[in-house]
Amino acid sequence: MPDTADLECRAISKSFDDFQAVKEVSFDVPPGTFFSILGPSGCGKTTLLRMIAGFQAPSGGDLLIKGKSMLNVPPNKRPVSMVFQHLALFPMMSIGANVGFGLRQRGVNKVDIKKQVERVLERVGLGGVADRPVDSLSGGQKQRVAIARCMVLEPDVLLLDEPLGALDLKLREHMKIELKKLQSEFNTTFVYITHDQSEALVMSDQIAVMNHGVFEQVGTARDLYYHPSTAFVAGFVGEANKYQAKVQVAGAGSLQLLTRDGVALQGVDAGEGLKEGDMTQVFVRPEAVRLSRRQEDVGNLGNTGNGTVESVLFNGANSQLILRDSATGSEMSVALPQTSEFRDLSKGDPIFFGWEPDQTRCYRQAAG
Amino acid sequence: MPDTADLECRAISKSFDDFQAVKEVSFDVPPGTFFSILGPSGCGKTTLLRMIAGFQAPSGGDLLIKGKSMLNVPPNKRPVSMVFQHLALFPMMSIGANVGFGLRQRGVNKVDIKKQVERVLERVGLGGVADRPVDSLSGGQKQRVAIARCMVLEPDVLLLDEPLGALDLKLREHMKIELKKLQSEFNTTFVYITHDQSEALVMSDQIAVMNHGVFEQVGTARDLYYHPSTAFVAGFVGEANKYQAKVQVAGAGSLQLLTRDGVALQGVDAGEGLKEGDMTQVFVRPEAVRLSRRQEDVGNLGNTGNGTVESVLFNGANSQLILRDSATGSEMSVALPQTSEFRDLSKGDPIFFGWEPDQTRCYRQAAG
Amino acid sequence: MITGIPQSSGFKWTYRAYVTLFFFYLALPLITVCVFAFNDSVFPSLPWDGFTWDWFFGTEAPRLGVFHERPILRSIGTSAFVAVWVSGLAVLVGTCNAFLFVRHDFAGKDFLYILMLLPLIIPGIILGISILVFSSSIANTLEEATGLWFDGLRPGLILVILGQFSFITTFATLVISARLQKFDTSLEEAALNLGATKWGAIRQVTLPFLLPAMIAAAVVAVLMSFENFNTTLMLVGSDAPLTVTMFDRLKQGSTPVLNAVSLLLIVVSAILGLASLLSRR
Amino acid sequence: MASDKSRLGLILLMAPLAIWLMTLIVLPHVGMFLVSLQEKVGIRQYETSLANYAVFFNEPLYWNTFARTAYMSITATVLTLLIGFPVAYYIAKLTRGRTKTTLFLMCLIPFWVSELVRTFGWMILLRETGVLSSFLQYIGVLAGPVEFLYNDAAIMTGLVYTSMLFMVVPLVTTLDSLDDSLIEAGYDLGGSSFSILREIVIPHAMPGIVSGCIVVFMLSLGNYLTPILLGGKDSLWFTGLIYDQFITRFNWELGSAFGFLLLGLSSLIVFLALKLSGQSLGKTMGR
Amino acid sequence: DTLRLLTWGGYAPEDVVAKFEAETGHTVEVTKSNNEEMVAKLRATNGGGFDLAQPSQDRIAGAQAEFGIYKPLDMSKIDTSLFIPSMLEATKGNTMVDGEVYGVPHVWGTSGLVVNTAMAGQVQDYMDLCDPSVAGKVSYRLKRPTLIGFAFSMGMDPFAAYADADAYQAILDKVEAQLIDCKSNVKTYWGGGDEIKNLLRSGEVTASMAWDTGGWQLNDDNADITFVAPKAGALGWIDTFAMPARGRADDAAYAWINFVMQPEIAAMITTAAGNFTASQGGDAGVDDALKAKYQASFPQEAIDNIKWYPAVPAGLEALEGATLDRINAAK
């Protein structure tokens, strides 16, 4: 990246009394990137975002925007804008007054404000609504006004704190795609936080997975999904079947394992340098598992087994099968292929399954 | 069904002033069934459920539980219990007192109440919390208490009004499976209403799709998904690409169509008796569409085309491709197969696609 | 309606009759007072001697109407003067208090909050007396020490205003706090984020949001000030507000002119009440 | 954000509150207490002693009057609650939209005029030759005029009337916040109207009930006009005694002591009521 | 200047005020009150807030000794020729503290009985109010004039005992017993002039102890109701002019005194208040009807029998107060 980053955090931290909400997090966001921070509730996402916006002072570290430290810049002087979780549109002002608010603070003259407001509203597909009250809009339209209100100021970075959280299911699906489109249209750097992995995966150029105040991994959606570098990321991003196993033989990248239930597995080291005797956590994605009614179809895969159908969670294209492994008695979830082959499976049917060793990612299990 | 149905509605209706919220709906729910009513907001689901519970008097029709008419039975005397959308746990009582409320009303003695409350709490996996205040529970646990409070009364029918609506994403996924389990454990008839199709599909034995106060279709999840009998059901349950087309040739069940954009398609009549010249709405599911980089792979399918990749919505196993059809310039969404074949597709890449005529369901388009 | 709970129609009708009766009970004394404002008699009571407008427009001595009663007109003016001051001060201080209690955490907050609520339950007479005793002793001390006069600390309008202010502020604080609590602080942060200064954010976003509550508090304050008797009685000097004047009249020689004043007050209060209700939307 | 700056802001914000409470509530009460400790021993001669308090406890007349006032006020409070609760429930739970607003507004009607005028109205109604007596004679219920004024029942009527607003408003507010679905859930689980009232509605409304009762009790206790104007020859009221000490006896010292006792004893009653109902002042009143 | 006048109802009628304002250019603010409240108010203001007050002559010396709320009058500013000399001298004597004069007379009148002669003609003395024949139809104030009236009626002389607290207490004790005994006869204790007039006029009360003016006013409405001078003697009072210690508009105050004591003005006040004034010749302009009522109520022997209030020594009120409280509380 030849450009200076739009946003750069250097070992930034935040403590509340004894509790460290954000722990020496460093990252930078190149210009024009859609950067998401994904993590479970309470992991420190909002705290981090509020430090960037200037609503909270870091306890340590530095924060630069376009290469300039922001530590002593008050929130109303920072070149960042923020879209709040509940949007925070001003209910006592018209839509136009909301969008023009920032320009008024800058002392832009009325005529220019009117022009610019109309222009940005048109860009978000809401031309001509400037005089209407905020409440006359639907949820998705409000969303767009909130973005317009920030974009009219041409911020270097736009911060978004779970802006889709309050919307209903169908609208959320729709806005995911729309947000991404707006970002590429405005070509502004977005820093987006969410606890919903599908939002992060679908929209982002880069995703940081956050847990307990630290970034566990930063990468593209595919990186995180196919090459999670920690057990937490493997479990949090996408679904997975989980086992605990002990390393029996550790070869070059490939491992032979024995699960607690006494089943032998083959897997790969997810970069942890596992050695013989290490306890590991093993992750296998539901869609990595092949199903068959005949043993020979799956016999050539590195890991195989047989079991009975426990239940079929029919959900159209995303249907899943829960099967009970005959060897261990434990449940396993498998994505049902979109072919009609398995449509007539029902509870109690015998089934064979298997998956490749390289779909079996192993992480060191913390002692105890 | 040899048994009498647990719940039976006969042409039940409800009008508010001029407005008919529920229009002569008839159905019956056999004992032990998980019966869902799925429909968009405002279609009359809650009104129907409240009539069953006795909180609203039907304007017409009859309502029977275990074969007995309930029309003149007040709500506190009906053998049904209800789990409310926001649960309606009594905040002024402990968990145990909540669960024991119904038994107390029946005049059961204290010792028995204590025993039964403890038993039912254990069955929902919450043994030993009886003395704690309601607010000390998490969302999912509250859910279970609400169910326990009803189940302790051993109702003939349990009514649930979007009980998962208030929970967050991950928890909702989890509770879907848990609710289904609880139902089969208690073996009670559940009538469940929701506007979230995935909830209905995953949990239900039978689903009624409701729209504008009428049931459009009643059937299993697979019936609805693979054989939607109306255009509304086809569009509401699962995702679909939609076209408008005119019937050119109507053969035995198979149709030749011409879309508005002038593309020829082959499809099947969804049972509407379409004739030449009829305008139709055509539905194609994203996972019915095959993709390939080479034309010959899809050439033998009944409907084919080519286009360019517009964007890849990466979402792990549920990734989608948005492509732009070269012939029409319109967008189409296609489920990305779980193989690694298409992982490196990116915007602007040329692509071929096709799908079978029997995946192309056609419905009559209302005139105008 | 909790439509879901079926009740017997007998019960429903009894319930409705009870509620109707209740409102009749509420309206009864006011209606009576209003009706007797038109009694053509020098005494505001039965028998009914016919209809007259004299108690509003009469110009001759025993039948002097409100609009020609200088002392009553003057005391209405005094009441209005007091009410404006009280409601202005109460809303001002109430707004500060609301910000203090809703936005800040500090040692002793709970204690201060209880103290703030106390004027609600201190009997008005005690409030008046304690302020009277206290201000008199201050005045006595100051006067002895300096030889000057401190009339402001003696019964009079200033003390009346302070006395009413001392408990009406609690109401104002509660009304305004309730609204401020509903205020989403992210609105203020959004304003800062869009470049507003701290005061700018409060002025452009928070205060407009609070305005309906401030108006409601002001209206309530005006009404309470106008009708206050107990506290005022102890603190009044030579300028008597309306209630005190009316009390004196009631003792000294009342004519239906009191009913006429009351009727006017009822009309004005009703209008104010409706206005505050509308502004709450 | 600079903590020095926000500390200054906090102090500035606290100043009005502090000045208000200090100069108009706390210090005056301290002052009144000090005055109450002054015993008059001669013309313009005073000594510090508890003599004024001794007068209260040694003269049965005074503490009897206090007890009577407290007893009547408690009765008025209970009556107000009993009369007002069904109305509040009706407004909060059985009406919607415009009707609700209208009925709620109508509760404020007595508040449109001063207590003086309301009491004046009751006098016109209740006196021997008043509207009520005449009406009852007219419809034949009474043979001759009957005096409804100048007795404890008249005081009670006036007190309940004056207090109603302060009971109904907090009740409506708390009942409003009771989710209808809780009541429905109660019925759904087999509850009767009575058990739901007892187990769900009343526990939920408790903060409103307590705050309404406290305000009504204190207002009744501190009322001056109603007992004076509607009461009869036996209707002593403690505030009347205080007023007399100040105004007709010029005895500020004893009056202050009485005032302080009224405050202290009534606070004690409120404190006990709060303890009994398990509520706290801040929780119930501060909403 | 603005003259802030603290006075009784009727003593500053609108027309008089208007005339005064027109003649002198001062404006007048009238506050209506009664004796106790006047003293209480002036005590609270430490003698401020008003420029001229009109307490009864017996309420000056004691209050002045205790609270110092008045200032001495500058007799040179008062036109003494306007006053009936005997009343002026008596009042000056009664309101003298440390050799300074604090009050001059204005209006005088009596308290006695107001009776509906058609229904309770037998009531001739204070004690008759306790007669069973008027049970439930009686009203009087629970104030010191009642104590004193009953004391006279019971054959004692409370004024003579003023200087001797113990003797006075003994009288009070007897009166207390009597009034407690009499309580069942009482409909209600009246508080203000309006209240008693309403009670009598409506027939709810037939016999009462009240001011003479009230009786005469009611007489206009109902010829049966009139003022009766009690056998034991009506109680005579003189309301004065006194200057609050910290009044500001002294000149306006003196101007007011000299203005209202003019005979024709005094007549206007008599018409409004119903009582005669200490103005020399002031009764000349008074309506004949009022004079006739006065004469009917007060034959010469009744006038001679009027018991004029002497100044109340400081401290007596405490004794009376306790007595009144006990009567009030008794069942």
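Letters are used for the chains, namely A, B, C, D and E, taken in the order the chains are written, and counting of residues starts over at 1 for each.
We adopt the following convention: contacts are C-beta pairs under 8 Å (C-beta built on N, C-alpha and C of every residue); 3 or more make two chains touch, one makes a residue touch a chain.
Protein names from UniProt, one per chain: A, B = Spermidine/putrescine ABC transporter ATP-binding protein; C = ABC transporter permease; D = Spermidine/putrescine ABC transporter permease.
What you see is a predicted model; the values in this text were computed from it and never measured.
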Query: Which chains lie in contact with each of chain A and chain D?
result: B, C
Query: Taking a step as a move to a touching chain, how many steps at least join chain A to chain E?
result: 2
Message: Please identify the chain with the largest separation between its CA centroid and the CA centroid of chain A.
response: E
Query: Among the chains in this structure, which pair is joined by the largest number of C-beta pairs in contact?
result: C-D
Query: If you average the Cα atoms of chain B and of chain E to get two centres, how far apart are those centres in Å?
result: 91
Message: Using mean CA coordinates as chain centres, what's the gap between chain B and chain D in Å?
response: 56
- line: chain D and chain E have mean C-alpha positions lying a whole-number Å distance apart equal to 37
Message: Could you pull out the residues of chain E that touch at least 2 other chains?
response: 191, 202
Statement: Within chain A, the set of residues that touch 2 or more other chains is none
Task: Could you check chain C for residues that touch two or more other chains and list them?
output: 4-5, 45, 250
- line: So, in the complex, the side of chain D touching chain E is made of residues 43-44, 59, 61-62, 64-65, 127-129, 145, 147, 149-150, 228, 232-234, 236, 241, 244, 246-251
Task: State the interface residues of chain E toward chain D in the complex, per the touch definition above.
output: 36-37, 39-40, 43, 63, 65-67, 143, 183, 186-189, 191, 202-204, 314-315, 317-318, 321-322, 325-326, 328-329, 331
Statement: chain A partner, complex, touching residues on chain C are 184, 186-187, 189-198, 200, 204-205, 208-209
Contact footprint of chain B on chain D as seen in their complex: 179, 181-182, 184-192, 195, 199-200, 203-204
Field: For the chain C and chain D complex, residues of the former touching the latter
entry: 1-2, 4-5, 15, 18-19, 22-23, 25-30, 32-33, 36, 44-46, 92-93, 96-97, 99-100, 104, 106, 110, 112-127, 129-131, 133-135, 137, 162-163, 165-166, 169, 174, 177-178, 223, 226-230, 233-234, 242-243, 246-247, 250, 258, 262, 265-266, 269-270, 273-274, 277
